[in-house]
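Following this message is one structure expressed as structure tokens.
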């Protein structure tokens, strides 16, 4: 089959999206749902079908020219290579499961056509990012993803703060896109092309200083999309959207787009050590920040949101440490168990009568169907990094990479990584205990969970638990298949002496145990005070929102006011009005001169006559004197 | 020429100035018109002086035309004064200031 | 001799006009002006323009000044007869002017009008004047005649509405 | 390439709207003859322009179509029209937008014949400007364009329509007078030097001017064009004129009047005075940048939607001028494409505002809320066009913007980076608008009906165009290659 069929992978969801949006409402609900799920399912099948196209250099498919003017020539081109294939499979696979789940979750919502349309459009945009051959098509997907998350977060638009959350998400990601845009423009002016492979090939020719700045720009762009430190405020509020949205966008796919961008541009950014340290530093700080915030969150989905932010921080650390395979490994496993956790959270919310606050839930273990507890536990175990689970191996690989990195400062990042791992374990089990253990606190009457919501959870649980097989370290007899699969793009091959690895694995196990015990002691045994100043501080995400509001929104509003009222109203219009009033005033002056009395006019004649007479005499005298 | 031309012109200009002051100073419309008449006659005097000085008859023809025009001017002016007197009840020039700006 | 007469007449005319300008009563002003114009007519005669002198008296004084007087009388602009100041001072200016004009006229008449010496050397007779007026300036005469016609129509138009308006004003 | 028979197409393009205008003026007010007449005229013109586009779309050096006749021989003024790639696109845009304007002004009842007559007169003016290559002819059409716009705002506008119309007219007139003075000075200088007194653009380009002379004349022309574009210091007339303009009138004002200023610069100011242009480019660039930021910030605080989109147009024109100031082929082609796309996107938005105003009686953001609940189709299209004007990739404006940014980055990296930052502010005010109008609980007056078939007929082609231009702008870029090369090549 020719490679242009590759375009079917992203275009199928697009087609379904368009169909849903235009005719969704008019057609029966079942039709809309089936087209949505079928679209994504077939693209998953196609990815598997085309799997061997991605071996080695991968295949490049071109649809047609998009923009061509002067030296710029950008085409709609896809590159299906070793890095893109697993990512595409993950995106389409998880998306299919989430679509199925969404059919159940959104059962009673009337506006299903718009929902499924936007969801499919999102999958299309995400696939364009993953499969993009040149940066402009990637940018197209990049903004498309931002738009869909805006639409989906603000899906229940009747509540204004949902819309506000959507706008906030779109704005913050767009700020990130600015840096990505500038990097894009700079790269084009440096290398004369936008295709990723050529840029990476010419990366060596760019001067080091410029590479550092470019890396920072790309980092900031990635931070915008992956909710890392400077631009992270939008992720927590993004939970206003329906749970399948949170599961798909804010767990599995969109937040990892930033990591994917860095992996794609790895040959370029790996040239600057400063850039790599910056990436690791941002990753570490965000991981720590998010983990601390997750400790104090009251809503189940916000806990998971902050945990996602923290895990993506780990992926940034992995890229910073040089292992693209480590980052991708964690990205894939994280996608599985985090999507699982979000969906399970959706079921929990349903069970607790649409109650989000975990302090108002409890004792669900008894009332919920048994497998929900096991499924949730499976996800939690992966997240916490309990040994032998997928999460454990991927996180451990990253910590190993950090530890074995040449630069001593990475030992500091390793330490931050360990602390964050501890906190992660603590808040995960805190979540489990508060939701499932203890006596029921909430008063909401439980909804029954439809079949579609329960069924997709199982495959994800399995994938999460068995995720380790993807890139099992040599120590444990694994073949590090992902690392070899990525080949050239895999980055640094992390090797360490056996006892060092055993030491680190031991440390990881201890961390998880300590975390579990602390959570058990804190929420099962000790009934201490709940609310202190620090918890409120952490609850507000270190009051980041207020900081942003103070530092950026208020001055922006002031400048906008100044520009409109200050400049336009008073300065420009002011000068015009002054000119106009001056004209009227001088007109008035002349008006007063015409008194209407005959004598003043005659006097004017006389003065005029006198003047003429005087002038005549002057000339006469002049000429008289002349000869 | 019985008198040097400059003297005639001097006398004409004196007369003209008198007429001018009369027009400027007086309040009554009638007196203003009389002032105008004086000025016109000053012009006539100058014309006749010139005609005598240059031995030309044109000057005198002009005076006749001048008189004709003055006659028509006075006719209309006085009709207007008559009209204003009845319409406005007064012929003091300053009363008619409706045309002010 | 003629030049002396000319200066006297000039002085008389200026005096009369000065009195006319400064006098309060419009009727007196018109009368002084008439005296002035008589002196002017004589001066024209001295300057060799007998026809103009005649015209001045007939047209100017006769028609225009009379019209002024008529208007003043009709509109009762002249102030009521105040109580007379005593004695003759009021008479002096008028009489003096009238007397001097009378003397000059007589002198001119009895000075042998056709004498070349005192008369102006360029004496424009009616024939020469007529040829000029209807020869070179024929067109000008036509135009002026139109002007007079318009003036007449204008005066008629302005004067037409008086009767009605007066009653309205009386009522309001 | 000339498939079309040898008919003086350009003159036809100008005279057809003129005759249409006359006939409309005479039509009876009661039955809707004037509406159908206007629709027929604009439709015919649109078909002609499409025919021209198809047959001359491949572009080519020099004038694609050229017509020339003696007008006032005594002063060397000739009736000469010329169409190259750029004017072909703008003529197509004019025809399309006027067809939309006539459709959009279908519900106008008050003095409808006069309104439509003025609309067609405006079209004549615009066609003339885009095609004239004789400076006096250009100036005549420049003035012809003012009058209908002034009357349309003055009579059919909003509350303070008179002040807005007067301000618009005086501003534009002041500019055009400066241009007239410069025009005549140039004419005389050229006459002295070469002995042949003519207003043809090609000859006038050959006059040798000293730098101070050139700068003086250049600033005369630029004042007129800067006011019309509008460049920052001279822009305060646009928000008022927009806020008070009638629905279809606004489409033209946004779409085309602003572009005539830019077109004037490209066609007349830059080629005539190359040295002065090289001297003034940095200033133009800085003013464009300030305009970009200033208007984007100003738009954030607006409450009236029309005024907000007026500022948005100023911001977009700032970007267009930035592209011109970069003096680079990609930037220029991007600017011209952005002119096209911005005209369509903002034009469609103004039509939508008119529809919202008809339904809810207001176009203030704080009085509107929850439109999506009441009229989902209308709001969906509103969102589409708002996102297009925001510069979302895949939609119309992005293609133009990215070309401008890439081109500008080649020559002025700092400007381009600042411009990218300014694009975020564009997102700020658009999202604030969308949130205020579409999302949120349903409040205020109830909207009873969604889009009527007529409204679908207006909006669907524009939506298709917006998406098509975003994804595949090549057919609109090919005619631009040679003329832009020529205009750039000729000067610095």
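Worth pointing out:
Here the chain labels run A, B, C and D in written order, and each chain numbers its own residues starting at 1.
By our rule, a residue touches a chain if its C-beta (ideal position, glycine included) is under 8 Å from a C-beta of that chain, and two chains touch if they have at least 3 such contacts.
Keep in mind that this is a model prediction, so the values were computed, not measured.
Distance from the chain A centre to the chain D centre is 37 Å, each centre being the mean of its Cα atoms.
Centre-to-centre separation of chain B and chain C, using mean CA positions: 11 Å.
In terms of their C-alpha centroids, the spacing between chain A and chain C amounts to 108 Å.
Per-chain Cα centroids separate chain C from chain D by 77 Å.
Residue positions of chain A touching 2 or more other chains: there are none. Looking at chain B, no residue sits in touch with two or more other chains. Counting partner chains per residue, chain C shows two or more touched chains at no residue at all. Taken chain by chain, the contacts run in an open path, each chain touching the next and the two ends left apart.
Chains that are in contact with each other form these pairs: A-B, A-D, B-C.
By the touch criterion given at the top, residues 590-599, 602-603, 606, 609 of chain A touch chain B in their complex.
Looking at the complex, you find that chain A touches chain D at residues 21, 64-72, 136, 139-140, 142-144, 147, 150, 154, 157-160, 162-164, 166-167, 170-171, 174-175, 177-178, 181-182, 185-186, 188-189, 556-557, 559-565, 567-568, 572-573, 576.
Chain D contributes residues 167, 233-236, 239, 294, 297-298, 300-302, 328-330, 333-334, 370, 372-373, 380, 387, 392-394, 398-399, 402-403, 405-407, 409-410, 413, 416-417, 420-421, 423-424, 427-428, 431-432, 434-435, 438-442, 471-474, 477, 480-481 to its touches with chain A in the complex.
Every residue of chain C that touches chain B in the complex is listed here, in rising order: 2-3, 6-7, 10, 13-14, 17-18, 20-21, 26, 29-30, 33, 36-37, 40, 43-44, 46-49, 51-52, 55-56, 59-60, 63-64, 67-68, 71-72, 74-75, 77, 118, 120-122, 124, 128-129, 132-133, 136-137, 140-141, 144-145, 147-148, 150-152, 154-156, 158-159, 161-162, 165-166, 169.
Note for the complex: chain B touches chain A at residues 20, 23-24, 27, 32, 93-94, 96-101.
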